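Both of the next two complexes hold chain A, though its partner changes from chain B to chain C.
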Partner chain A sequence: MKKPDKTVIERRIVFLLLVLAVALPIILPLGLKTQSTPLTEQVYDLVNSLPAGAPVIISFDYDPSTITELQPMAEAVIEHAWRKGHKVIATAMWPQGPQVAEMAFNVVQARMEEKDPNARKLMYGVDYVNLGYKPGGMVTIQGMGRSMEAIFPTDITGLKYNKIPMLSPVRTLKDIRYVISLSAGDPGLRDWIMTANGKFNIPVAGGTTAVSAPGFLPYVNDQKQLHGLMGGLKAAAEYELLLGYEGTASLGMNPQSVAHVLILALILFGNIRAWKKRKADKLAQEAKHG
Partner chain B sequence: MKRNIPLIVAFVSGVIILIAGFIPRDPFPRIESTLIDWFMIISSFAILLGQASLLRMNVTRVAEKAPNWQYHLAGLVSFGLMLVFGLLWGMEKTPGMLGQGQGIVEKLGMKPFDYLFENAFIPLSSTMFSLLAFYIASAAYRAFIIRNFESNLLMITAVIVMLGRTSFAPMLTGWIPESLSWLRLPELTNFIMQYPNTAAQRAILISAALGIVGASLRIILGIERSYLGGGK
Partner chain C sequence: MANIMTTFGIWLAAFFTLSIFSFLYKDNPFYKFAEQVFVGLSAAYWLVYTIYNILIPNLFNKLFTDFAGNWVLLIPMLLGIMMLLRMFPKLQWLSLYPLALMVGTSAAMSMLLSFKSDFVEQMAATMINPFKFSSPVDVVGSIMLIVGTLCGVFFFYFSKKQEGFYKVPSKIGIWFLMISFGASFGYTVMARISLLIGRLDFLLRDWLHIIK
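Let's turn to the complex of A and B:
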């Protein structure tokens, strides 16, 4: 049998270390605490600033591949909006968005009922609604600025727009008090910023994967193109912290933090090895040239 | 003719949308809204087209017994299953052709479409995305080597930001006195993200926006024709 070369063995060791770095903190949580940052606090403040009854849109612009980062964010934002009594309208610019929205609604509802069994049960069509998926990105949002009913004639159950009680005061996008887009790419947050905020002046906040967050930071400015930004699992954990509970994001920060430290250690190790190799090459060259 | 008609459609639509942006007076907003409706209808058809193309490509690969044809067959079976379950019993609150499927829901705990979505599609999608972590770890170990001033700078920034984004960051630098709090890892990370990163991102955004304006004008004026297909 052919013996695997050194690079393959090294790669396998790296993979094994990463598995351990992720698995061990899940099995034995380290109890690490996160700290909230101004960007997440801005999103929290936007939701917190509005009175009960305000119609709001949470747009589920992602699919299950990024659920680990974005679903805890969705759950935290929905819980906050419901605690404040906002009327949550779920929309989606990605085909799997309506399903992930339903999952988030179910989880938050169960959690809130568990926390306070005597609280009023949240009702579909009265406290929240799922309008489903629409293709078209920015153009669809422009259409919502003309008529919400024209874009979403029915919800995902097939119920007509004008028969849904909580939607009676919502004629166009201009009746919405804020939009939070949880976005894994295009179409997504950028379309909401450029159209809902740029054209209709609706406050827009967002949540993205950690890797795409830096690209949205220019929109968090004095003109408030973006009212705060949640980037990755850490921001979801921060939102959970602000709401005062430990959810999947807070727990997920344990393995993520250990994995980050492992990657840093690997970078350090790789550099030491490269430096040693360079030194050895230099010495060999000096010896060769006398 | 075959190429001229699409070019004329692109020119007229582009010019109307441009004018409507600057002159919000009738008839432009009306025409713009009609074009928006058309766009959404065409987008919906694009989904159907995508599905048809996916089906044709996979069927061809299976029929020709192309390398790894088994994966294409698995794709076809999954596609068919989800389609049939979705059509028959719907998903979540949406009813299907056979209604809400109470009997099946009692057995599975949810509709078959949702069952597969939650227990197969989500774990598989998340797994695919998680594999990135392994490649990043392996690449970081082999490729992230300091060779010159620029790579040194990149390395220092990466270390600060990566550590700053962990839950260890407050612990590691929490001891730094309040007067020097800007040296704490979370603060340093926020600074890097908010100023150097944002400045660079803004430059990229402005360049990209100018590029989009240029590309759009080329399409409207018929200079750029690659979207018509056909190679030349």
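Let's turn to the complex of A and C:
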């Protein structure tokens, strides 16, 4: 039987170390804290700045493959909007978006009821609604600018748009006070920036997976194309911190930090080894040529 | 019954998670099985989802309940059927028409909007007075934004050989690009670790009940 070469074995050791670096802090949390950054604070300030009763859209443009990063963000943003009394309209440009929206609504509702059992119970159709999935990205958003009802004739339960109490003042996208797109790719945040902000001047904020975050950073600029950006689990943890609770994202920052330290150590180790090897090769070559 | 199904679902998810992770050791039948089940399931899910959530509510329901008011939907339906004709080699040419329509309209629509948001507004965002800010961090940041943008764009100017004086902004541009690649790599690492956290959290919490 052929023996695996040295690099394959080394790679397996790296994988094993990484699994340990992530698993151990999940089992035994280190209590590491995170700090908020201006990018997340801008999103928080946008939500915070609006009065109770403002109709807002949270677009669930992702599916279960990215819930680790985006679901804590969704939960934090929903909780913030509900605390402020905003009327949350959930839309989705990804087919499984409505399901992840439902999950987030249920979790936040349970958490808020647990925190304050005497608070008014949030009601579907009055405080929030799930309008479901629509394909089309940019074209759909343009259509929402003409008529929300034409694009979403019913919600996910089949209830007609004009029978949903909280939607009576919302005729078009222009009646929405802000849009937060939680986006794992295309269609997603870019479509909202281009259309909702670019064409209809609606304030747009975003939450993306860490991989896509650098691509959206240029939109956070003087022109206010994006009112803040939440990138990955770290930003979700920052939002939880701003809201004053420790959720799944904050707990996830323990393994995240340990894994990052390990990766830094491995990069350093790899570079030292490569430098030593290059030096040894150079010396060997010099010795060979006299 | 619901409990049994939940437990079965968790075990199934754990099996597939571990099967996919087993590729880290080496390619094996468990990995291949999990990969192929995923591909098949995704294709089937998409097909069913498209029929029940797009075609039925947006096309068939409208045509059957109010044909006079929605007859215009016959046009996209016809275009959709023409697209499906790709499966028949002799009629394949007919699919080129809906394809051309799609490419043309989507390119035109996105061009208009991207020109505004990705070109005009992005340029306007770099036309700032760095000294209008009170904080020195913001002043330095704005100067870096302007210098980085100009030098980064200059790096991609290939009509003149980048030597002598022209080499300087190009060199600065490549440094900015390298730093941005490094930042992107950092974000990518964070994303991949987050996915691992999600899966290990599932295995340790929902499957093994090691953590609560």
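We take it that the second predicted complex is superposed on the first by the 288 of 290 C-alpha atoms of A that agree within 3 Å, B and C clash if a C-alpha of one lies under 4 Å from a C-alpha of the other, contacts with A are read in each partner's own complex, and residues count from 1 in each chain.
Everything below uses one rule, namely that contacts are C-beta pairs under 8 Å (C-beta built on N, C-alpha and C of every residue); 3 or more make two chains touch, one makes a residue touch a chain.
Small disclaimer: the values here were computed from a predicted structure and weren't measured.
Once the two complexes are laid over each other on the shared chain, residue contacts for A:91 go to neither chain B nor chain C. By the touch criterion stated above, A:259 is placed in contact with chain B and with chain C alike. Judged by the touch definition given at the top, the superposed model places A:109 against neither chain B nor chain C.
When the shared chain is aligned, chain B and chain C each come close enough to touch A:139. With both structures placed on the common chain, the touch criterion links A:27 to chain C but leaves chain B unconnected. By the document's definition of touching, neither partner reaches A:59: not chain B, not chain C.
In the superposition on chain A, A:38 makes contact with chain B only, not with chain C.
For chain A, the partner that touches more of its residues is B, with chain B and chain C as the two candidates. Contact with neither chain B nor chain C is seen for A:183 once the two complexes are overlaid on the shared chain. Once the two complexes are laid over each other on the shared chain, residue contacts for A:194 go to chain C alone; chain B is not touched.
When the two complexes are laid over each other on chain A, chain A has residues 15, 18, 22, 67-68, 95, 135, 139, 142, 210, 214, 218, 232, 234, 256, 259-260, 263 in contact with both chain B and chain C.
Against chain C, the residues of chain A that register as touching in their complex are 4, 8, 12, 15, 18-19, 22-23, 26-27, 67-69, 95, 132-133, 135, 138-139, 142, 153-154, 193-195, 197-199, 209-211, 213-214, 218-219, 221-223, 225, 231-234, 248, 252, 255-256, 259-260, 263. Within the complex formed with chain A, the residues of chain B that make contact are 33, 36-37, 39-40, 43-44, 46-47, 91-95, 114, 117-118, 121-122, 125-126, 128-130, 133-134, 136-138, 140-142, 144-146, 155, 158-159, 162-163, 165-171, 186, 190, 193-194, 197-198, 201-202, 204-205. Listing the residues of chain C that touch chain A in their complex gives 24-26, 46, 49, 53-54, 57, 109-110, 113-114, 116-118, 121-122, 124-125, 128, 180, 183-184, 187-191, 193-198, 200-201, 204, 210-211. By the touch criterion given at the top, residues 7, 10-11, 14-15, 17-18, 22, 30, 32-35, 37-38, 63-68, 95-96, 98-99, 102-103, 124, 130, 134-136, 139-140, 142-143, 146, 150-151, 156-158, 210, 214-215, 217-218, 232, 234, 237, 253-254, 256-257, 259-264, 266-267, 269-271, 274 of chain A touch chain B in their complex.
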